[in-house]
Amino acid sequence: MKIAVINPNTTASMTDKIAQAARDVSYSETEIMAATSSMGPASIEGYYDEALAVPGLLLEISKAEKAGADAAIIACFDDTGLDAARSLARIPVLGICEAALATAAYIAQRYTVITTAEQSRLPVEGLVRRYGHGQKCNVRAANISVLSLEDPKSNARDLLRNEITSALNEDKTEAIVLGCAGMADLVMNLRSEFGLPVIDGVAAAVKHAEGLVALGLITSKRGPYVHPATKPYYGQLREFSPQVLS
Amino acid sequence: MKIAVINPNTTASMTDKIAQAARDVSYSETEIMAATSSMGPASIEGYYDEALAVPGLLLEISKAEKAGADAAIIACFDDTGLDAARSLARIPVLGICEAALATAAYIAQRYTVITTAEQSRLPVEGLVRRYGHGQKCNVRAANISVLSLEDPKSNARDLLRNEITSALNEDKTEAIVLGCAGMADLVMNLRSEFGLPVIDGVAAAVKHAEGLVALGLITSKRGPYVHPATKPYYGQLREFSPQVLS
Amino acid sequence: MKIAVINPNTTASMTDKIAQAARDVSYSETEIMAATSSMGPASIEGYYDEALAVPGLLLEISKAEKAGADAAIIACFDDTGLDAARSLARIPVLGICEAALATAAYIAQRYTVITTAEQSRLPVEGLVRRYGHGQKCNVRAANISVLSLEDPKSNARDLLRNEITSALNEDKTEAIVLGCAGMADLVMNLRSEFGLPVIDGVAAAVKHAEGLVALGLITSKRGPYVHPATKPYYGQLREFSPQVLS
Amino acid sequence: MKIAVINPNTTASMTDKIAQAARDVSYSETEIMAATSSMGPASIEGYYDEALAVPGLLLEISKAEKAGADAAIIACFDDTGLDAARSLARIPVLGICEAALATAAYIAQRYTVITTAEQSRLPVEGLVRRYGHGQKCNVRAANISVLSLEDPKSNARDLLRNEITSALNEDKTEAIVLGCAGMADLVMNLRSEFGLPVIDGVAAAVKHAEGLVALGLITSKRGPYVHPATKPYYGQLREFSPQVLS
Amino acid sequence: MKIAVINPNTTASMTDKIAQAARDVSYSETEIMAATSSMGPASIEGYYDEALAVPGLLLEISKAEKAGADAAIIACFDDTGLDAARSLARIPVLGICEAALATAAYIAQRYTVITTAEQSRLPVEGLVRRYGHGQKCNVRAANISVLSLEDPKSNARDLLRNEITSALNEDKTEAIVLGCAGMADLVMNLRSEFGLPVIDGVAAAVKHAEGLVALGLITSKRGPYVHPATKPYYGQLREFSPQVLS
Amino acid sequence: MKIAVINPNTTASMTDKIAQAARDVSYSETEIMAATSSMGPASIEGYYDEALAVPGLLLEISKAEKAGADAAIIACFDDTGLDAARSLARIPVLGICEAALATAAYIAQRYTVITTAEQSRLPVEGLVRRYGHGQKCNVRAANISVLSLEDPKSNARDLLRNEITSALNEDKTEAIVLGCAGMADLVMNLRSEFGLPVIDGVAAAVKHAEGLVALGLITSKRGPYVHPATKPYYGQLREFSPQVLS
């Protein structure tokens, strides 16, 4: 089984960390195909970065499918481009926010996402509601940048810890969801430090992707995820015309 | 890894079918521990049967945990006793309705549960809302009894097919969720007959249970799933006192 | 008119208090038939106790109906076993949480339930939403045990008062709902002490039960409350088979 | 105990029927004080009539309170002027839609209001949601006028029956709520004809009003139902200034 | 184009301020027809005042329509009588709360209404939900009276400022909606003082009213806004009979 | 005043029609700056086209702002890229779905969007809920392609008419919202043919954009619409780096 894990941020060091998190939890028979998007923002923080990360992501999804991937994971907590990717691909596509929340709901009634920057808080709240967790999950921002998590000298980890403490005291939270793929390496430490379940979306998505493949399930094409119709695409994005790309 | 799959209906032939469905999708390293409840209704149809199935289920959950299970699955689509089981056990406990819906949400935007008897329709609708799928999933009853699914001469399968046809035509559904553990053997036939994803909750729950175990996640005890307090239990259910049972 | 008031906690001292609260508000023509469950937990705190209290409750519901009760009240704020009891009985069955909330909605736009232990808070929140009060009512836990309310030397009453004060100051609440049948004797004192409506579910349920009987209304059997189908029940709960019990 | 039942329609023949329905279900100790509004529309159908019926209603509420009423019922299914009446009065005020829905929720999971004219359908749907029954109750219009119910030669009753039949067949409804005070005399016939619970709001409100009085509960004045502040009122409605009226 | 701006408070000094706010933003071709209601409360604070302001408002709506108005605005943040006015009039009728919220949603994801008195807070929250902004907008009361805004010596402005500061710090609000027509003159000062969008409902409603007229859109009469049926009206409100008034 | 109207479909004939619709309703002082995206799909149908249309749209938004536009309108009913555009631009940005729904809510309680292809139905339903119209508006697909609306020989108009007829008969709709910018030229004919309000989003957005500009309101930058942070962008989309583009 081959699972593509695609980092829509164009920062390769994040991809290494993400790939490691994926491999740590995957079955021995699973091959993790990690890829970094080659076009778009170095890091995704807010709606603008998110929108511009989608073409690069779709390119990698398409490449992964051609290379034989059985499922694909979008390794950014905004679940950037999830609907477009599901339309394009035949294989199942999972978002890490989606998978983290689905996982949290099995082990807690109230859980908290700690995201990075304040401008990502409301976009993630939108996902929480879309996926049906609005009554159970709240979202907090630790006020850190995505790339500071790559910098061992930043105080990003301390700010993250402070926010977990607030979630415990103020929200009576039962479990923590890490709201950025770049936090994937912190799961085990935080779990033992705070003594509560801590969930990383990359790891959660790998297990659910393996599950879908084992069950033989693929995206239904009977609704809005029907493959995009053949039509001309113009200008710089000409190559994204569905008949060209897929 | 050991996954307990517990049939809260006291009908062993259903358990065989359920165990088979579980083994068909589990990893080779996973041991499926199938068990049939020894007290309560032969089949669970509606609120009354559901309530009386819970003590027998809890007994099996407790036994399974003592026997080393890493996770437990309640193999009845009403997710009978899920909250009580999560309070009692230290290991994660999954409902098959919960797992089937979480799985459907990855591959379709609108999906339909086909349950057995009309009196199970609204209880399942309640679960659909509780798990956050109210906007995406509707529930239909095929007007068949649970045990008729065990009878090769009944017309239950035809009634089930009719209801799937109605879901396609009237609801524009994109995927079907089978609303009874006793339908687990029909997945592959229905999938190829109707050409759309068909999801069985037992199989879905096995994959998500394997996932939780691989991720090292257990039920959070910081909220309402705290282990029940020590206190006397009286009468016929004396043995269920938390200090006796666990 | 005969109204059965059933304490699903197996603690007779609570039943005395509950019966008194019921008799204090019932019409002179109403006979209050108080009963204590004989099997299950001494007190109901959280999902596990709740589930194990149901068989004993159903036995008392069945006995009360045979003894001529016109309606039955489940005197535990978790509304333990309400749906199962409605399926089993022909007479109307009321939960005290349900009745307390329906009563509060007539006299206030925002109200607060003060429940006992923290692990009962989210279960009660679930009821609040189920009954349609999610936008109007919040739930607070006083962090007291149910049985401490029976102990004149405990500080349970003070903790309850503190929580009412917080509800007034922090939530701008307009009315208080006492979230445990064991608080029924405190209504009048709290009402005069805090100068706002204080509602006890037992009393509220008695009045609404009398109302249903006077109106000649019984549980509709056209939906999920249809009487449970005849089928074998096995093991220790054999006697609960619908054809045996009713 | 004195319960004021106020018909905000200025049609006395309706009031007679309403008063009869109230007396049929009230306790012998309860005095029903029936009153007809003296200003405003002959019948309330839609938002405009509803708004113009409020001053006349408030006048009768005020008179009833001065005459010693312990509670007041607004006998129009639009619950016309309910919030204003609760602000003005010290005694509890109940709407018949509110009471009918609260009653239906005790005996059924899905119920249907049959209202009169199509233009009352969405206003009643608004009430259904406000009172928290949006998931459980739908609303149908029988396309009859309020006053045709007073006319023995009209086909209003047949149209009402047709709509009940549709609710049973199309909505799988479990109980019927009559959506107009002028239908109060039809309850018993429809109940036996259709073999399901049929609820009249006037009768339901009488029982819940008696209950509130027995429990000693009055409208909380700590929130938006605080008594209106003293201030000048001008023109034709000068006499409605709070210091004049109350 | 003629836009009627009707103050349902019977206080002419408020009307002057409102008319000024309307004229400040209207197109040069638009004639603002300002009117003060001649019957009812001097100021609208809470449900009672609101109900009694409606007849006077409807009279002015009717007069304005006869005088050739193309649209009408109800210049009170409770949107007093909006549904009745839409039924009566052929021209479009807009509420200033409705218009302010529709405007805020174009420029912010989270916004806060600052209303006057505490007893107006929950009525406005009801409007916020009715108009579909429940997830995006919260409501705060500055604890000031409507008429104090007319008094240059009162501390009303300071209390309003304090509440805006709290909304910024505690709610992370992105925009402020002034919750009273009597605050219309403060928009520009508050906008520059706090450096965030501040919205006055009167101005917002003028622009949306001009828009509806330019688009040739009028209230649909196919649903609950159908013109009220011909029927007798009695007593003091006799003249409000639809056939008399319109 | 200058309003940019940007067609994110790369089909110039649609832009001509859209520009005409905008000019038909704008004030004489308003200059409509119409632009066609130069990169991406010829027409937007479903999630994939939508995602790939965003970069081209953002380029035109940026150009329009530099050319002095006071507000920008995204002339595609999917409101493609709305959040990203609001982050990028300082001027207000409006979606035509958003504006059409805000307009419909002023004149009807229940309205229906008629969109083009079935695969656009659920995406538009998502917008309807996001903008708070979930309780009031349903969505139908006429099963036509966007470009067929440009072809005078297609039967697209007839299919659209059929769907309006169904909305009237089956949904009791009060107003129709045309769910594609390419339908803008049909408003007047449909309005007179069906005798009910018909709303085109382009025209609606022009009036609301003019309104925002007249009120001096711009997008709040205190929340998720903060301007994107400076950071490197790579590959083919290098030029979209915020510091390059704006």
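Labels for the chains are A, B, C, D, E and F, by order of writing; each one numbers its residues from 1.
Rule of thumb we're sticking to: a contact is a pair of C-beta atoms (placed from the backbone, for glycine too) under 8 Å apart; a residue touches a chain by one contact, two chains touch by 3 or more.
Keep in mind that what you see is a predicted model, and the values were worked out from it rather than measured.
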| item | value |
| --- | --- |
| Labels of chains that are neighbours to chain B and to chain F | A, D |
| Longest centre-to-centre distance from chain A, chain (CA-based) | D |
| Interchain centroid distance [CA atoms averaged], chain A/chain B, Å | 28 |
| Separation of chain B from chain D, taking each centre as the mean of its C-alpha atoms, in whole Å | 44 |
| Interchain centroid distance [CA atoms averaged], chain A/chain D, Å | 53 |
| Sequence positions of chain A contacting 2 or more other chains | 109-110, 122, 135, 172, 223-225 |
| Every chain pair in contact, whichever chains are involved | A-B, A-C, A-E, A-F, B-C, B-D, B-F, C-D, C-E, D-E, D-F, E-F |
| Chain F contact footprint on chain E (complex, rising order) | 25, 27, 92, 94, 98, 102-103, 105-110, 131-136, 172-175, 191, 196-197, 199, 203-204, 207-208, 210-212, 214-220, 222-225 |
| Touching residues (chain side chain B, partner chain F) in the complex | 109-110, 135, 172 |
| In the complex with chain B, residue positions of chain C that touch it | 10, 38-43, 45-52, 54-56, 58, 81, 83-84, 86-88, 119-123, 126, 130, 145, 147, 223-226, 228-229, 231-238, 240-242 |
| Residues of chain C that touch chain A when the two form their complex | 118, 122, 129 |
